[in-house]
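Worksheet: the structure to be examined is printed underneath.
Chain IDs A, B, C, D and E follow the sequence of writing; residue 1 opens each chain.
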Amino acid sequence: MTLSVALRHDFPDTALDIAFEAPSGVTVLFGRSGAGKSSVIQAIAGLLAPDAGRIALGPRVLLDTEARICVPVHRRRLGLVFQDARLFPHLSVRQNLIYARRGRGRLDETAALLGLEALLDRRPGTLSGGEAQRVAIGRALLSEPEMLLMDEPLAALDGARKAEILPYLERLCAEAGVPILYVSHNIAEVARLARHIVLIDGGRVLKAGPSEALLSDPDLVHVIGLREAGSVMQARVRAQSGDGLTELEVSGGTLWLPQIDAAPGVSLRIRILAQDVLLASRRPEGLSALNVLPATVIAMRRGSGPGVVAQLRVGSDTLLARVTRRSAEALGLEPGAPCFAVLKSVAVSPADIGLAGPERL
Amino acid sequence: METLGPEAWQAVALSLRVALVATLASVPPGLAVAYLLARRRFPGHALLNGLVHLPLILPPVVTGYLLLLSFGRQGPLGALLWDWFGVTLAFRWTGAALAAAIMAFPLLVRAIRLALEAVDPKLEEAAATLGASRARVFLTITLPLILPGLLAGALLGFAKAMGEFGATITFVSNIPGETRTIASAIYAFLQIPGGERAALALVGVSVALSMGALLVSEWLARRVARRVAGQ
Amino acid sequence: ERITVFAAASLGDVLGAAAAAWEEESGHEVTLVLAGSSTLARQLAAGAEGDLVVLANAEWMAWLEAKGALAPPPPVTLAGNALVLVAPGAGGAAPMKLTSETDLMVRLGPQGRLATALTAAVPSGIYSAQALKALSLWEALQPRLAETDNVRAALALVALGEAPLGAVYATDARAEPRVHVVYTVPPETHDPILYPAALTAAGPAPDAARAFLDWLSGATGQAVFAEHGFVPPPR
Amino acid sequence: METLGPEAWQAVALSLRVALVATLASVPPGLAVAYLLARRRFPGHALLNGLVHLPLILPPVVTGYLLLLSFGRQGPLGALLWDWFGVTLAFRWTGAALAAAIMAFPLLVRAIRLALEAVDPKLEEAAATLGASRARVFLTITLPLILPGLLAGALLGFAKAMGEFGATITFVSNIPGETRTIASAIYAFLQIPGGERAALALVGVSVALSMGALLVSEWLARRVARRVAGQ
Amino acid sequence: MTLSVALRHDFPDTALDIAFEAPSGVTVLFGRSGAGKSSVIQAIAGLLAPDAGRIALGPRVLLDTEARICVPVHRRRLGLVFQDARLFPHLSVRQNLIYARRGRGRLDETAALLGLEALLDRRPGTLSGGEAQRVAIGRALLSEPEMLLMDEPLAALDGARKAEILPYLERLCAEAGVPILYVSHNIAEVARLARHIVLIDGGRVLKAGPSEALLSDPDLVHVIGLREAGSVMQARVRAQSGDGLTELEVSGGTLWLPQIDAAPGVSLRIRILAQDVLLASRRPEGLSALNVLPATVIAMRRGSGPGVVAQLRVGSDTLLARVTRRSAEALGLEPGAPCFAVLKSVAVSPADIGLAGPERL
């Protein structure tokens, strides 16, 4: 189910002019503070009436200012997690969670996932910031929406909690086929979840496309942040080794990564940060890095700093590596040059591995 | 209260009934009108608002007179009520309740309206995104959140209904057991030399009853407010 | 000089007319303060600065006298009034003869009420009650009364057709075109209806007040009362 | 309004003055009392609350009578005011303003209280962390935030003051040019044969004035509410 | 100026029992959602009256339940940034910023730092989530507090904005001597800012101490998160080289890092993530990593996963490295073994470099 959004709206000081398509899976809206992310979410949910626009979820037209269609908020069946939790203060956590009445049966399961079991009879006024945000997530999940709109849902949560919730969202998206439109500043979350990324800046779409392409686009390194630039590779589980590592097949060879709970044959998406890749002119030895893949330099892009981003071909995948200019010169890296990409196994954390959605198998 | 004869107690009972019925019966229309005034912009907004305030602005006798003109047996509305429902208000305790309700209406509406305007529309939006229809949003979010204001308004209405005299006696006169409320009885006592004592005794009862209502409403409001604050 | 007259509200127009005439004549000025007899009496007792007080109620005048709020001479009666029964409509029907309770009951019908002022508290209501008792109608009629806070409200009930009958003063009935008199209550059935007047003890302009009081009791003043339908006080 | 003579216009002017003074003068104590009732718990809380509601509960005549007893020249408070400040309220327009203010007080206090209870204490806390004393917090945060409620309360008070009759006439009588307000004048007209016409004209004026006040207050409140909502 | 905190408080369901000292500099309160971080902040600010406790800032006792001392909130002179922005809705952004009246003169400067220049005349109701949070930060900064209490102030902000604000906070702390108590879930922020860390869990202090010690404590790796484990090294700027790199002296040798704007001689704290360190049995060659330091293994700690954390001595500093068990065995890593630590220059981002406060020079 594809969400297609096209809207124009004038605020007193700024203007939105946004158009994008969000195919099934997770689409991340990414952009700096004030870019217009929340406004887009609100318009899709029906809480902001844009000056002009058309919004459709699959065959359902939710808004068409030309055709004077505007489905009321409560009929849109979109689960919205607000940037602020917006819990109902007079209802207990339990009552907040089952407010939508549809997902009652899954209350216990959802509460457990979000660590809310002990809080069910509390009132929102007594919750901590993160607790409130988790209730808000649960409330939206239990409304069994046709699509989830999540506005920085995990910003108030600690890493451990995030690591529990993210895979659930992923499964929901993959198994229940609920597409998610997700706002985040956190590129690790973005890379993990996003099948599709929409980069917004100053009320306009800067770039939109599959996450693999955007995250490994050296032109976007400055937008995404140097430290978070990276690429996404397709991989297939080959075997589980005894010592806690999983053997994966990528187009350019074999990767050993910390154990991934997936059966042999399963397809995965693996995000590799540019800065986690070392380059070597000959195959290194006696090094703690297990993964060494032969590569060819496609392009070298200089930024303003001392680093260069090397775009490499590894098998049929693209890999980014960030090295200093000094090293690049010392190693003689230039387009067409052969080299070896060195990748530490532990540099790929579970947060960087996502299931490839069924559609992409 | 030895000074109070059975007639006085009858007035007390009647006052209670009138005030209670007036208060309870005016809550639903009060809610509706407050909602319209707080949340909707429509052509007759100012007119409706003015109409609601009228009983406050007019001397009570005038309100009573206007009620008599409209709801008396000869009045257009009174005739209608009689023809359609066989209901008559003139000289009935129901008429006294109507007078009390109308006098209390501006107070009730204003309290509810203030409460409505204090409700964060973002919460109602959140409920709508969870699939709640307008009616459900109102019943499950708005109404509970305005409950303290509603209670305050109902209390004001009740107190006013207990004290109302001018409009009531003008509209439904003073018939023992039917329309002779505490306030009418007090007035009657005050008209004769030396009647102050008996009036005072009735004032005491009236004050006691209303203070009771006040205490109960404060207690309820505090409970409700704690809930609404999410604690 | 300016004098302040505390007067029963029902005397508003007659005293207004009288005051205008007297002002013309004497060069003094009159301020009329109009309220219910009980209100005026209590206020004078509480120190209100009225020079002259005119009430619709002898009892409150006696109460004032007992409080020492009045100055000599003793209260004088300026006028009297009659009690009548009125019915809605411009009239034309022959005046009724009140002989038995049945006549009244027939006119009231199964539902109708007799409008009066409060029979226990307001003068016209008290007179009505006395009359009904004297006519042996009290038992039957008491449950059928609609008592109002003042006689004008009772009149309004009849004028609007809400009550088929009302007991009011002749002066009120005379000036209300929407009612007609169906019966004049015999004066002997109730205490005389009197409008007593007196000088107050604390009045700042006793001489002028005295002059106005005398003028009101005199021929010119009495003529004004007569013009407004009042009857002369019993001598 | 050809039917209105100069005396009637005098009553209109007086009513306006009385209602305005009553409203303005009761705002500061109304604020203080509402603040105490909304924010503090103290032993006399219920008593103060009851006292404030008293004028609503009592028939106006009784309130007027009690005022006469206390603030009359012979009354304890009246004597005190006279001895200490040379001020007399009885039978003066200032007394009419006092009566109107007292009758309007419960309405004013309740509106302010509802508004106070709707203020998010977290904002006041935030102001305190920025070094604002209690007084500054009240003036810069609380007061602006309750302004819509304050306006609503003042409007109710004004309307009530315009319509007040029973307590006023009982306390300060009905002295032309001094205490004869529109409502008293209407009463006087209704007491004499043929006075209905003039009474009606006065009702019209009173309604027009109050509607004007209503419109102004609604407009102000809307402006203020928009500000308070942060837009 | 040291903040010392000791407090006990019972909530209906949970209890706080917290005691710690926050010396000058930045102290970070770190702990999972619901741990009690915000409650501690509120108690220090005077917004929560604990059942018992004593709180003192330098010589000023703010609270002492035994001595019945409780300084009112507005006299505490603490600048508090709430987890929710809590802007005054009826005041413009400008009026919000100068509410405290003290720092008016610095309005323009602060607004520029936070990117609020264009928003000064707006009302809070129209701001985006991140914009509101920036105003809240500015408001607290402009109150010229004796101490800053910041409850996840940057959670709603994007990386670029964070990268602008963090150095400012650092300078404020170092130059103006304003201590900061900072709540954060974001370990990168923590490592960057914290001189001192207080780990809270379930209402109790799990561990407190200097950040170097806590972040390189292999026992705490599971609390902090595998991916974020690392160590902090003291370094001194030696020279700026022409090609955008800065040469630094550390106790174990020389490091080349992307340009750091600091004069030769300045002391710095550099955070090095365990997963960014490769180990080699002999000095590697032909590799894009510029920094190779001789090291000795102090200890090897196994977690539940396939990785081990090697604690190394490099000169007088401690360095953590995360490698797979397989590599550890292949390289013969065991306590006492010599090896080489390999560190990519680009792996240390500006966010990982902090000024060492003047007190620590």
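Simple rule for what comes next: contacts are C-beta pairs under 8 Å (C-beta built on N, C-alpha and C of every residue); 3 or more make two chains touch, one makes a residue touch a chain.
This one's a predicted model, so the numbers in the text were calculated from it and none came from an experiment.
**Q** When every step has to jump to a touching chain, what is the lowest number of steps that links chain A to chain C?
**A** Graph distance in the chain contact network comes out at 2.
**Q** Name, by label, each chain that touches both members of the pair chain D and chain E.
**A** Both chain D and chain E are touched by no common chain, going by the contact rule given at the top.
**Q** What is the chain whose Cα centre is as far as it gets from that of chain A?
**A** C
**Q** On a CA-centroid basis, which chain has its centre farthest from chain B's?
**A** Following the centroid criterion, the farthest chain would be E.
**Q** How many degrees of rotation bring the Cα atoms of chain B onto the matching Cα atoms of chain D, given to the nearest 5?
**A** Chain B sits rotated relative to chain D by 180 degrees.
**Q** Mind checking the centre-to-centre distance between chain A and chain E? Centres are C-alpha means, answer in whole Å.
**A** Whole-Å distance between the two chain centres: 26.
**Q** Return the distance between the CA-based centres of chain C and chain E, expressed in whole Å.
**A** 91
**Q** So what's the Cα centroid distance for chain C and chain D, whole Å?
**A** Chain centres of chain C and chain D, defined by C-alpha means, are spaced 35 Å apart.
**Q** Starting from the mean Cα coordinates of chain A and chain D, work out the distance between those two points in Å.
**A** Inter-chain centre distance comes to 61 Å.
**Q** Residues of chain E that contact two or more other chains, please.
**A** Only 84, 126 qualify.
**Q** Multi-chain contacts only, two chains or more: what residues does chain B have there?
**A** Within chain B, residues 61, 65, 165-166, 187, 190 contact more than one other chain.
**Q** Can you pull out the residues of chain C that are in contact with at least two other chains?
**A** Residues: none.
**Q** Kindly provide every pair of chains that touch.
**A** A-B, A-E, B-C, B-D, C-D, D-E
**Q** In the complex formed with chain C, which residues of chain B make contact?
**A** For chain B paired with chain C, touching residues are 61, 65, 68-69, 72-75, 90-91, 165-166, 169-170, 173-175, 184, 187-195.
**Q** Given the complex with chain D, which residues does chain B contribute to the contact?
**A** Per the stated touch rule, the residues are 46, 49-50, 53-62, 65, 106-107, 110-111, 113-115, 117-118, 148-149, 152, 156, 159-160, 162-166, 183, 186-187, 190, 196, 199, 203, 206-207, 210-211, 214-215, 218, 225.
**Q** Residue numbers of chain A touching chain B in their complex, please.
**A** Residue positions touching the partner: 45-47, 72-80, 82, 84, 86-90, 99-102, 123-126, 139-140, 143.
**Q** Spell out the part of chain A that touches chain E in their complex, as residue ranges.
**A** Interface residues on the chain A side: 11-13, 31-34, 37-39, 83-84, 115, 118, 122, 126, 128-131, 133-134, 151-152, 155-161, 185, 187, 225-228, 243-245, 256, 258-259, 275-276, 278-282, 284, 286-290, 305-307, 321-328, 331, 342, 344-347, 349, 351.
**Q** Please give the residue numbers of chain B that touch chain A in the complex, ascending.
**A** 122-123, 125-134, 137, 140-141, 144-145, 227-231
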